[in-house]
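First up is the structure itself, then whatever we jot down about it.
Labels run A, B, C and D following the written order; every chain starts at residue 1.
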Amino acid sequence: MPTAGQKKLLEELKNSLTQAVPEGQVEDSDYTRTGCHLEVRLDQGGMRRVAKVMLDKRFYLETITAVDFIDHFELVYLYSTYYQDVFRVITRIRIAKDATPFSVSAIYPGAIWLEREVYDFFGIRFQEHPDLKRIINPDDADYFPLLKNFGKTKFTEEIDDILC
Amino acid sequence: MKTSNGFILYIQEILTGAKSLAVGLWITLKRLFSPIVTVQYPRKKLTMTPNFRGHIEAIRFDDTKTHHCVACGLCARICPSHVIKVQGEKTKAGDKKIGRHYVIDFSKCSHCGLCVDVCPEQTLKFSREYELVYYSRWDTVIDLMQRLEERP
Amino acid sequence: MLNIKTIDDATVNQRVYQLNLGPQHPSTHGVMHLLVTLDGEVVIKIEPIIGYSHRGHEKMAENRIYEQFLPNPARMDYLSGMIFNHGYCMAVEKLCGIEVPRRAEYIRVITSELNRIASHFIGAMDYAMGLGAITPFLWGWDDREQILDLLEGIAGSRLTYSYGRFGGVRNDIDQAFYNGTRRFIDRLRGRFWDYENLINQNIIFIKRSKGVGVISKEDALTYGVTGPSLRGSGVKYDVRKNEPYSAYPEFNFEIPTREAGDCLARYQVRMAEIEQSLNIIEQALDHLPPGPVRSKVPRFVTPPEGECYLTFESARGAVGFYIVSDGSRIPYRIKVRAPSFSNLFAMTKICPGHFLADVIAIFGSIDVTVPEIDR
Amino acid sequence: MNITQLPYIKDIFAFMGSDLMAAVIGLLIIAVFVPLNVAFLVLVERKVAGHIQLRPGPMEVGPHGILQTLIDAVKLLGKEMVTPGMTDKVLFFLAPILVVVPAFVGWVPISFSPIMQIREMNVGVLLIFSFSSISILSILMAGWSSNNKYSLIGAVRAVAQNVAYEIPLLLSTMSVIIMTNTFRMSEIVNAQSSVWHILYQPVAAIIFIIATTAECNRAPFDLVEAESELVSGFHTEYTGMRFSLFFLAEYTNMVIAASMATVLFLGGWFGPFFPGLIWFVIKVYFLIFVVMWVRWTYPRLRFDQLMNFAWKVLIPIALVNLLITAIVLKVI
């Protein structure tokens, strides 16, 4: 059950986010099921405008990650608050496989490593990133481990009869 | 005024610091004469808790005088490290399968206990052995059914 | 903040040198590498190089069923394995809509808090060891050992417990655990005086940690710092309180905070949190409800299509499990938000201008576990 | 036949007198006693550390592990002495040899009992101070020649630290010297036959012990080998017997420092019931125990704090103490 503070924040954020990213969809999300209060869906870019709004509202960037779907990547930015009534915003940005999205590291310096991690695992190159290189995998690795066509997944081979 | 204040603070800091250091020495001196908490391991051994999770072991049931394994393979399938191999056979057509060989390589086992949880016949338990050291990697591959027979 | 001027770029090439702290070094907790650029003993730049203990847990999740991933979360942060295990179970339960019996929730809270105390002991005492005091570290191990014995008594394992299961916990707690925990609480309360006077009041300790490595609130926000490091900066944020999960809303406890944001504040927050955890355990033991510890769950869970994000408070900060399910038994993607990852990166901001010895202090006070960063 | 009547030997004796005999015997005793003493001290240190940390310490070799350090010494003797590439070979070789020189020479003027003293010198106290400075040189050599940044930082720290802490050390010694008007060890002890100097000079005694702890690079002033930041400091690259020579020097320096403190402040061999030597040894070992106890209690200082402590706390207090002593002596 959302508290009064969360409701107020929800309205404010909806307004400012629709202003900042008019092309995106800003929707309520069912907190009890997904763990997020507000969901922003975008196609290509707009992550920096969202990040600016979030920083203005004193949100911190929880994490950046990506999900490799068959025909596109989905970049996921999770923002949350330090407030008493917690509020979490999830931004999903659908990008093409060869897209080079913009880095939010100028707004959130903490994103430098998070974006390096995404690059390291998915090969997504962020534009205007200060130091985009491998972080966890070896520097000379020629693979991106979390892509669905790498290694043993159910897309590359049968795993086990009972499992799927 | 100000300098004298600073001087007083300086002296105060030295005195409080010295006191804190003396208290620290007192605490360690007390511990110097308190009993030792460690155990000299190979000479003395602790008793294992009954819930200890070692590698798995087949249970001998009183009704059949042996295990209840039906070689369904659920444990082999759920094992995250794929270290279990089960082989069973039927004595006659239409009868229940009986596990004959249950081979586990517990050097790769992460002792998570999923196999014990998933077993439909509940014929698995954890052993309480913790001194699992061998000369060869192949010594860690054991057949539980054979162990069960050898066990008194 | 120390009042030391770092030198300008023109003279950098002549005077600075780089020092490799690690990958094998006495005070990098685990295998990690800090590349420190120094001018004399003053740090100009610090670059953590990570990935030495990368095992690919996130990739592993993509080719095994949800149950098979159960042992893995505990191996990400081996010091708070119980909490990670608890969190992963909660995430899957949320995804599948599984109800957990109240007794199981209570047991999970008790074991998680015990694990948190154990982890904080390592964190706080390892910090003291980074400053050169080895004795408190071993005393901390002694107290932690009691917790491990207790947890071993119910979970059967000492570090990577795999105690939680979807829909409850593996087995019920027994009377020995109940009594042992009570005894442990009394014993630990009696020992706080020693820790307080040996470490907190010690002038050398205070001199070494006061004003060292200040994380400002603004830095904490932009770098995504969470956990005791954040609460040491005066932000009252704890997932257990702000976004309550499990049985935490039923307990009465405080979130200790300190305004200073330096190493001393982070250390004090940890020690204060140990006391709060003891309170939680005591309340949970007092009101332990009867009933089953595991609800009826299918042998292999099959979550519906969808995704969920669940945060919980580990000993190092807010951990998040982001699970994407495609309706099969194998998770499509599991992303773990590791608090140490963000906390460690914040270190690159606060270290410049400090001495080499302070780097060790800051690193210890932030209290990272390397396998959690590398996953 | 008396050996002293032989030709040549007779000449030497005529030149040096029975002092030569005393010197030879004394040096032989030192050569035997120093390593054994170090072995014992290492064991004591490990036992003290163990019991403070609620564990028994070494227990395996011999009853309660008393032979542990001897076994360790044998192990260290058998180890290969690795000289890393790119080191300054000569200095790298010389440093561990040079570091034990002051550790041996320092014993010469110390008077253990009224009759046990290798060589009575009228500058005994100064001799020890001047020789102890050599160990700093060898630490610098070791750190510099190792071609390792940790070693170099440790060595540079050692030099700065020792320069800073020698001043309060000498100033606190001066407070005693101007009371006794002599540098002779035995005369300083004899001056304390009724009242120990620690009662007249408690501040100087504390400063002396702190400064000698720092001079010996013991915790909480062990920044030279601060293991949590510098791995092992100046002897990071040393292995085998070379490493153990540094170890030997460290512990022997501790004994010399404790003997100095005993002579200067704790009344040397004076004490009831027991003969002088036993009292001396008891006092020395008590001081060494205190130093060990301190080591396992406190965190380490940071380098700037270490220097601040020397220049802003110890030296002013030592100077004031010296001044007050001088005034009081003048008035009396």
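General observations
Note that contacts are C-beta pairs under 8 Å (C-beta built on N, C-alpha and C of every residue); 3 or more make two chains touch, one makes a residue touch a chain.
Please read all numbers here as calculations on a predicted model, not as lab measurements.
Shared contact partners of chain A and chain B, listed by label: C. Of the two interfaces, C-D and B-D, the higher number of touching C-beta pairs belongs to C-D. A centroid comparison over C-alpha atoms places A as the chain most distant from chain D.
Inter-chain centre distance (chain A to chain D, centres taken as mean C-alpha positions): 62 Å.
Distance between chain centres (mean CA atoms), chain C to chain D: 44 Å. Averaged C-alpha coordinates put the centre of chain B at 48 Å from the centre of chain D.
Taking each chain's centre as the average of its CA atoms, chain B and chain C sit 22 Å apart.
Chain contacts: chain C has residues 64-65, 135, 139, 142, 198, 202, 204, 300 touching two or more partner chains. Contact with two or more other chains is made by residues 21, 24, 27-28, 31, 37 of chain B.
Residues of chain A in contact with two or more other chains: 162-163. Only residues 17, 19, 21, 25-27, 41, 128-135, 138-139, 142, 198, 202, 204-205, 207-208, 355-360 of chain C touch chain D when the two sit together in their complex.
On the chain B side of its complex with chain C, the touching residues are 13, 16-18, 20-21, 23-24, 27-28, 31, 37, 49, 51-53, 74, 78-80, 110-114, 117-118, 126. In the complex of the two chains, the chain B residues touching chain D come out as 14, 21, 24-25, 27-29, 31-38, 40.
Only residues 48, 51-56, 59, 293-294, 296-298, 313 of chain D touch chain B when the two sit together in their complex. Of all residues in chain A, those touching chain C in their complex are 33-36, 55, 58, 60-63, 65, 67-68, 76, 78, 80, 82-86, 88, 90, 107-110, 112-114, 117, 121, 134-138, 145-146, 148, 150-154, 159, 162-164.
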